[in-house]
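Consider the two complexes below, in which chain A is the common component and chain B and chain C are the respective partners.
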Partner chain A sequence: MDNQIRTILKQHGKLGSDAMSLAEDADLYQAGMTSHASVNVMLALEGAFDVEFPDRMLKRSVFESIRNMRAAIEELTGGR
Partner chain B sequence: MTKPLENAQSIAREIARVHADDVDRQARFPKEAVDALRSAKLLGASAPVALGGLGSSVTELVAMCQALGQACSTTGMVFAMHHIQVASMVLHPGTNGAMAKYVKEICEKQWLIASVTSEVGVGGDLRRSACAIETTGDTFSVVKDATTISYGAQADGLLLTARRSADAAPSDQAMVWLRPGDYTLEKKGNWDTLGMRGTCSPPFRVTAKGKADQVMTEPFSDVGPLTMVPFSHLLWGGVWLGLATEAVSRARAFVRAEARRSPGAPGANALRLSELQAQLQSLRSLVYAMADEYQASLVNKVDKDLLLSVGYALRLNNLKLVASQSIAQMVTAAMPICGIMGYKNDSQFSLGRLLRDSFSAQLMINNDRIHMTNAQLLQVYKDDS
Partner chain C sequence: MSTLLQDLISKGLLIPTGVDGVYGRGGVFEDVLLRFDSYISRLAANDKADVMRFPPLVTRENFEKSGYLKSFPHLAGPVFSFNRPPADHATLLERVQAGQPWGDMLEMTDTVLTPAACYPVYPTLAHAPLAKGGRLVDVLSYCFRHEPSIDPARMQMFRMREFIRIASAEECHAWRDQWIERAGHWLQDLGLPAESAVANDPFFGRGGKMLAANQRSQELKFELVVPIANAEGPTAIMSFNYHQEHFGKTFGITQANGEVAHTACVGFGMERVTLGLFKFHGLDPDKWPAGVRDRLWG
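After this line comes the complex of A and B, so read on.
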């Protein structure tokens, strides 16, 4: 799952650093992800993992690191 | 001791209102009203008492903006823009506490602070800068070509956005506090506009240097969504609500005078007034509900998660969109009520200045840009909570 998230970040995150080698708890907003880019990341994640993030998850803390995104997706897929 | 809000209301009534037409006609800074606000210590309203301010809540600040905006939109907007800057410094004191020290100085000296966010070449995008802060040891320098600085020439200090360093990305911005004497301004154009003429907002080149601790440690990617954008939309909303209140009040005075001349069943104008009053009430509710919600988030030590959510960004943007569109509609709707007396510039029912000022609202951060942002956010937002 991490690799898929990293690939999406690479495509849509507009990060200043390499998404494939970022620490999983690195702050993506500090790494240059704008709110505009983060929406594209959310859309791509919803498509790739066949999930819908409910509004309560649509906040910066959920998408600020690879680890937090993975936790959110796992919560929605229930480990399916 | 009279309360800060009452002071602002009496300055609005007794000073800002008296000079409003002259400020507009001559496109001059509302000096009398700003001097009065300064004397009443109201330029420190948004700072806490501990830093020498008046400790006014966001809701009180909105009410001050409304009162000033009703009397003179320009004065209201200057007051609003000043406090957006002060609040950005108050709420982001930085790890070294430097901003708190500077806020204290601002309150003590009652300095007026202008904003330098716009820049040539970034296309109106608040969240990108071209210019960069160059730090050498414990000093910095920066040069910025701003497309507009409201009351730039009349302000005592500036709060400016720039890239944090020469090699930073356009979105990696910091805010910089510029004290009097830290900068020079080179005027690059004029400010001869349809409305909001007394805000005196021409383009300038800012050339500045100062001490390194004048650069905010917190990134603008936090200061923007947590403080500057909410304060902007709320305080502007207060000014616009005041403007609309004035237009409705002029229409109401006209209808009342008509009714007194020939008492009887309400005529067509009275029905138009009824529609207008409903629209005004809805705007007032919207502005104050959003102010109360934001104030509550501040009291709860800034509920960052709420303020940085897609839902909050959408609602705050909608406040700006709805308020800015509805005030132009309301002034326009007041025009047929007041008729030729509204059309005249020298009548007590005149609507010309209000109508011209109202059009600025949809342009200061262009509504199209905000719709584009909302359109994007709506691709993920479900409105399910």
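After this line comes the complex of A and C, so read on.
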């Protein structure tokens, strides 16, 4: 799952550093991800994992790090 | 229709046009608005802002560049016009006559109705680095938002007076924050019990929910609100926005030290303040409290 998330970040995150080698708890906003880029990351994750983030997850902290995104996706997929 | 709107219309303060959110302004309404505009100018005179006045249009090129369509496609007002051979003119008129759609016979022009008074300013600052200390600009413009409503405080075209700071992150942030308190006093002196609140813009769609949450959690936008005519809550009559590097990066505005400029703006909703004054003091300005009258007409 991490690799998929990293690939999406690479495509949509507009990061200043390499998405493939970032620490899983690195702050992506600090790494250059804009608000609009985070929206594109969110939409790409929904497509890739066939989930729909509920409103309570559409906030900054959920998309702040690779770890947080993974936790949110795991919660939505129930580990399927 | 809200009671306030009915009263404003029956007193001739607003003149209905048949489209929700589009009104003419009667003489008494306009006088109050212009007096409030002068009140701002007097109180802010020592700031020595550079005055700029633009027609209520931005170029389509700059509008596209600004990213407005990413956030607010539903509010945009691009200008379209007829640009076809004379042979098609008759078809256009026939369609109008028959009540059929005719929008597809038009094409986009080079202009878009101004969405916020500060938008025409940023592209003009890109030519050379700013002087040390940055810039302070004063604008006033009619603005357009496509959001028809029967709330008289939600008009489709309205005037916005803005001060815009273009400088370093620290300077913009501090400037924006001190304005919240400053403007709060100005409004309280006019009998408007304005309260400040963290706010978000009406971003479009599901992505917009996230943009709104981001904006709130970073406290990029504050508003001063008063109850006017919306049953769901008070109405913002002013907003205080810190854009970070968004406009600096987008339009290539640089500080004296070569770094990308940050921007912030403070906006007065001129019709909304005017409506607030009528709401709080009654529809006849001759009977408003002496202190309020002195400050506006003194």
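By our rule, the second predicted complex is superposed on the first by the 80 of 80 C-alpha atoms of A that agree within 3 Å, B and C clash if a C-alpha of one lies under 4 Å from a C-alpha of the other, contacts with A are read in each partner's own complex, and residues count from 1 in each chain.
By definition in this document, a residue touches a chain if its C-beta (ideal position, glycine included) is under 8 Å from a C-beta of that chain, and two chains touch if they have at least 3 such contacts.
Bear in mind the structure is a predicted one, so any value in this text is a computation, not a measurement.
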Inset, instruction - Using the superposition on chain A, decide if chain B and chain C clash or fit. - result: clash
Inset, instruction - Answer with first, second, both or neither: which of chain B and chain C does A:G16 touch in the superposed model? - result: first
Inset, instruction - Applying the touch criterion given at the start, work out whether A:V39 contacts chain B, chain C, both or neither, answering first, second, both or neither. - result: both
Inset, instruction - Identify the partner contact of A:P54: answer first if only chain B is touched, second if only chain C is, both if each is, neither if none is. - result: first
Inset, instruction - Compare chain B and chain C by how many residues of chain A each one touches, and report the one with more. - result: B
Inset, instruction - In the overlay, answer first, second, both or neither for which of chain B and chain C A:E74 touches. - result: neither
Legend entry - Touching both chain C and chain B, counted on chain A across the two superposed complexes: 35-36, 39, 42-43, 55, 58-61
Legend entry - Residues on chain B engaged by chain A in the complex (per definition of touch): 127, 169, 171-172, 219, 221, 225, 304-306, 308-311, 313, 373, 376-377, 379-385
Legend entry - Partner chain C, residues of chain A touching it in the complex: 35-36, 38-40, 42-43, 55, 58-61, 63
Legend entry - chain A to chain B touching residues, read off their complex: 16, 29-30, 32, 34-36, 39, 42-43, 46, 52-56, 58-61
Legend entry - For the chain C and chain A complex, residues of the former touching the latter: 67, 70-71, 206-207, 209-211, 213-215, 217-218
